[in-house]
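Okay, got some structures for you below.
Both of the next two complexes hold chain A, though its partner changes from chain B to chain C.
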Partner chain A sequence: MRFSARALLAAAVTAICAGAGAAQAQYSDGVIKIGVMNDQSGLYADLTGQGSVWAAKKAVEDFCKATKCHDKIEVVFADHQNKPDIGSNVVRQWYDVDKVDVVVDVPTSSVALAVNNITKEKNKVFLVSGAATSDLSGKACTPNTIHWTYDTWALANGTGNAIVKTGGNTWFFLTADYAFGHALERDTEAVVLKSGGKVLGKVRHPFPGQDFSSFLLQAQASKAKIIGLANAGGDTINSIKQAAEFGIVAGGQNLAGLLVFITDVHALGLKTAQGLIFTESWYWDTNDANRAFAKEFAAANKGNHPTMIQAGVYSAVTHYLKAVHELKSDADGAAVVAKMKATPTDDKLFGKGSIRPDGRKIHDMLLLEVKKPEESKAPWDYYKVRATIPAAEAFRPIDQGGCPLVKK
Partner chain B sequence: MAGRMNRDMQAFVALMALGLVAPLMIYPVFLMKVLCFALFACAFNLLIGYVGLLSFGHAMFFGFAAYISGHTVKVLGWPTEFGILAGTAVAAGLGLVAGAIAIRRQGIYFAMVTLALAQMVFFFCLQAKFTGGEDGIQAIPRRPLFGVLGITNDFVFYYVVLAIFAIGFLIIYRTIHSPFGQVLKAIRENEARAISLGYAVDRFKLIAFVLSAALAGLAGATKAIVFQLASLTDVTWQMSGEVVLMTLVGGMGTVFGPIVGAAVIISMQNYLAGFGEWVLVIQGAIFVVTVLLFRRGIVGEILAFIGRARASSAAEQQEVVADRQVEAGG
Partner chain C sequence: MFDLIGVPPQALFGQLLLGLINGAFYALLSLGLAVIFGLMNVINFTHGAQYMMGAFCSYMLLTYFGIPYWGALVLVPIIVGATGIIIERLFISRLYHLDHLYGLLLTFGLALIIEGMFRKQFGSSGLPYTNPIPGGTNLGFMFLPYYRAWVVVSSLVVCLGTWFMIEKTQLGSYLRAATERPDLVQAFGINVPRMITLTYGFGVGLAALAGVLAAPIYSVNPIMGANLIIVVFAVVVIGGMGSILGSIITGFGLGVIEGLTKVFYPEASNTVIFIIMAIVLMLRPQGLFGTPK
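And then the complex of A and B:
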């Protein structure tokens, strides 16, 4: 049973760059095996899912061309269904039985933290693109993990700081009443106050919430310029939809989302989502390389355009392959990560960047605003870039995360 | 009755023998997961199969015990075995409270009361500081068992989990086949008559409920150590639904049914993970087919088939004997 299922998986997704007569390097089992684990069927399937698998395979393909297909590389994938025990079971099996060398993506913080621990225990490599929790480069950091694309601190900071600077100086928070919501609210509030803004009030809604009307009316009555949505997923979608019904944005207030992706905007439609402000690390329509990538991505993924997470998977896999290729070995996970940290990053999507000792990948972040329907000229033409947050300011200062790897 | 018991014991020994060699062929962490869920389903089956109480909130015992064992082992630094016992004890206590409230009602109301209580526990776990919110309790250490047995090795730990499962299973088996278990079955068949015979029905139900909760807690506490994490997944109402599914698919009210059901459902979740959303569809389809065509579940149908075969062969023998008698007489 196990073998047939695995064979099926492998047959379905294997992307092999067969060595063209070149001598195989000393990779464990002669092959570099990349495992993409994410949500293939649930609420994060659109923003990670098969798109991330495609991005990983694309990175392998491009790397293969650049190195004349010297290395044998395989990509496998699995669905963790957003359950940490399923994710942890799959990853253990990948490391112990299937000889996977590196796990990529993994949205849902609880699953990512579980994978983080197992990866350290087995000395493999974990490249996080999907998960948000800034603990991965903070108190939960390990010598085997790199947090690539974004984190909660960067989103709260980018959105809070940049909005205040561009005139949104009075805030009202709509917060999901659980630890994640509280943390987002706390981080953003600190940034808003520090940049000279004011918080006029906040309200906590139950998690998960269905009816946001009374909370939105309070937010509307507060006359705050910005309503900060310290929630995620379905709660964010529902609160944006209901805010549109109340005419909040049309009335001159702006919504600031703290965890919003382009697929959410696509699902909401521009009419509902217009005016929403948030932070992402990558947008497909910013330069020619990104546009070319998005075009290929769309052709392979039913017309969908890549999210920052999927672009991050491409970028992370590219940098990983470079490091392994130079080391000529993938056996020692910590050594590979050390090599990745020592080498400046450079790829066609995220450009030049670097990785800090605490495992935080550093690059610019973008403050985005959703266009009005009449401003959008093409499908997926959704964002105006309001500001670019320079890499040096975009992420939590290294001494504030509490990562044990950082020498005081 | 004695024959039945012997057959069950033979089946149990065969199952244990299978359990002893299984990790040589199948990945031990996966097997440990199956065992934890099998014990969970067996504990649930004790209530629905033998007392006729459909609890729709068993995840509260399973998941909360996981948090307790995770917290005591990781934060308080307790030895593994005490952590698991603490989880079990707290689940039993929770079972006493939930049971005392819920057994006052029957049928759908009982199910709804348990569901409501489970949702309260879920909310508590979501809000409480020590559970770590949706991140859960991560990196629970696997300390040596009794200070000597190194359970960081999956193989070694597998046999420990197998032993825990065997103990839990034998407790349930003993309960079902005791005079106490007979009373439980009497309550299931006709509660009014059991009352008229002078049994304190509520007390029997409560004891069964607490026992079931404690064993569900034992399963959850063990699972937390196996995966080194305790998370919200284990206390959600979906988990309560999943254990109903396992028990129905395997065979409600049979001793081995829940084990088979747990193995089937967990295998599907694990090995069909590549099919993504189709896993849920397949699960749903299997559930519908089971309920429509095989109401006794997998093990129930097999037992019924054996029973029919026995009955018909016995009838044939009788016919042969009768024929001979006729011939001899003629």
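And then the complex of A and C:
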């Protein structure tokens, strides 16, 4: 009898808890639905893709443990194939029919800008980890979007400054011909000019590209000291591979990878990638929490280690869930984002940080250098941290982005 | 020195040469397609995936068995060609009595499946493959990597060899006869179905060879073929479906035109081939070297 009374008590307590949860939280359709949209099959699939989906699910799992799982949370995902039209269709379907409350990740700036508009129109939430264009917290900023992990200005600022300071004062840009490439080129050019450097030329290549030799030859002919690669993923890999082949680095010119991910370095191999300098916001081998996360990630993702984008998805989803949990509602997207901005961020991967009124998430950035093959002690041991750029200097000053949300 | 619309002639020579190098890939790939279409009337959309398999196969030979590039150059076309033969026997051979469209849909589906499997196994960002002939020479107007020179020469040799075999030898005459009147050729005691199977295997082997050549210079990833195959199809259409010589000449020619576009208006370099395709189809629907049916 004693046993059954105890069981009864336990059941009653569970029921009260669940009841309390249901009575307090007014989630639309009774569930918080997180939609991870990114490239699942193309050139950005490794640096976002299923890894980002895993990171979102992990964030939900960890949050669930911390809050005893009162909230019903669901993660769905989709492939936008890097095409704005497909991305827009998916997101409209998600918001209108599938009742998704928040869209996360979305690499490829052209797609992200489209999703940015739809999210505002439907008053949902958009947490950008994958896309780079700094316009998302600049002239295209909305009360419904937070740009989480990095942006073109931060990359340009970190890498551009470091390189100009060490003598790389003449530049030639190899730019992916779409919103992201243009933004990265523009932001880097501004940094180069501001630091007293000169831009000798630029060429815009179709996206995605395969053969860059023709563009590299133009870069070679420009005699610029630095060839800035304003592209990403497979395009960057091919550019670097072919630059080595055409003896560009051996000829005294240097490459600046303006957006390089750890998966790119893995694909290039250290022999080709060694010495590259670039900026990222997160690296797995910097502290114990990151290493533990990477270990779990690798176990679930064929040994791959997380990119900063995937870590950013974890961080963003964690903060979103906190805000919704405190608000006890996910219905009003702008209210959720306002709550997220009002609350300082704190998670195990990115540590403490904050979100500015223009939707820019602020944290430190890392200036990294790819190790020589003999310096690498283990698989995925690829980077040396050359410098940490403090949060206050890492991102574009809030008054320079042209975001209409910022009061002058 | 005079400039041509803002481009110094030295740079122009460099770009012409580069165009020729890229054209070598187009020629090699479109040749395989033209052989398969010309002799089997199958529009082989799996071609891009088979090119990718060639690159991956050479990566696997190197990584798992320690077989270097030069070994791969011989082995990979045979291995991937054999998989082509299996595909032809299992699937494609069942569609010969149907319209072209069914073959196209089948091979397109197969390409998606093959690419999906490689993506699942190897991820999308690609794998490293070391350049077997590093270094290069300065030609005065440009730096020519030895490896690229090798690509052009080997591609030319293979293309001309294939053309010679099909157009000038007895085996080639059997093949051509079998396309016209398979029943009659069979009556002469020649095993036509086997010949067709081997032809498909050969075409696939050519794609795989292009894949081996590409591995050291392009990122070895599952979508490398998907990006290229559409362009190569345009090359085949411009050259005239099934015309062997047409596909070789157009392959190199379009490589050069694309190279020039990269200098004068880089943004259009992905589209220029399709613009040419549209014009050719309007003025000469059978293609530049095709014969009207």
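Going forward, the second predicted complex is superposed on the first by the 307 of 408 C-alpha atoms of A that agree within 3 Å, B and C clash if a C-alpha of one lies under 4 Å from a C-alpha of the other, contacts with A are read in each partner's own complex, and residues count from 1 in each chain.
The rule we apply is simple: a contact is a pair of C-beta atoms (placed from the backbone, for glycine too) under 8 Å apart; a residue touches a chain by one contact, two chains touch by 3 or more.
Here the structure is a predicted model, which is why all the values come from computation and not from measurement.
Q: After superposition on the shared chain, which partner residues are touched by A:Asn117: those of chain B (first), chain C (second), both, or neither?
A: So A:Asn117 only meets chain B here.
Q: Thinking of the overlay built on chain A, is A:Asn287 touched by chain B (first), by chain C (second), by both, or by neither?
A: After superposing on A, A:Asn287 lies clear of both chain B and chain C.
Q: One more residue to check, A:Asp85. First (chain B), second (chain C), both or neither?
A: A:Asp85 sits against chain B, while chain C stays out of touch.
Q: Answer with first, second, both or neither: which of chain B and chain C does A:Gln93 touch in the superposed model?
A: A:Gln93 contacts chain B only, not chain C.
Q: A:Ser109 contacts which: chain B (first), chain C (second), both, neither?
A: After superposition on chain A, A:Ser109 lies in contact with chain B alone.
Q: Quick check on the superposed pair: does A:Ser41 touch chain B, chain C, both, or neither? Answer first, second, both or neither.
A: Touch status of A:Ser41: both partners.
Q: Could you say whether A:Thr166 touches chain B, chain C, both of them, or neither, answering first, second, both or neither?
A: It touches nothing on chain B or chain C.
Q: Once the complexes are superposed, what residues of chain A are shared between the chain B interface and the chain C interface?
A: Common to the two interfaces on chain A: residues 41-42, 45, 177.
Q: If we count contacts the way the header does, which residues on chain A are in touch with chain B in the complex?
A: 1-2, 5, 8-9, 12, 40-42, 45, 77-81, 83-86, 88-90, 92-93, 96-97, 109-110, 113-114, 116-117, 133, 135, 140, 177-180, 207
Q: If you look only at chain C, which of its residues touch chain A in the complex?
A: 8, 11, 14-15, 18-19, 21-22, 116, 119, 123-128, 130-131, 134-136, 142-143, 145, 147-148, 216-219, 221, 223-224, 227-228, 259, 262-263, 266-267, 269-271
Q: List the residues on chain B that touch chain A in their complex, please.
A: 26-27, 29-30, 33, 126-127, 132-136, 138-139, 154, 223, 227-229, 231-234, 267, 269-274, 276-280
Q: Quick check: in the complex, which residue numbers of chain A touch chain C?
A: Its residues touching chain C are 39, 41-47, 49, 177, 203-206, 208-211, 213-215, 217-218, 220-221, 233-234, 237-238, 241-242, 244-247, 251, 263-264, 266-269, 271-272, 302, 304.
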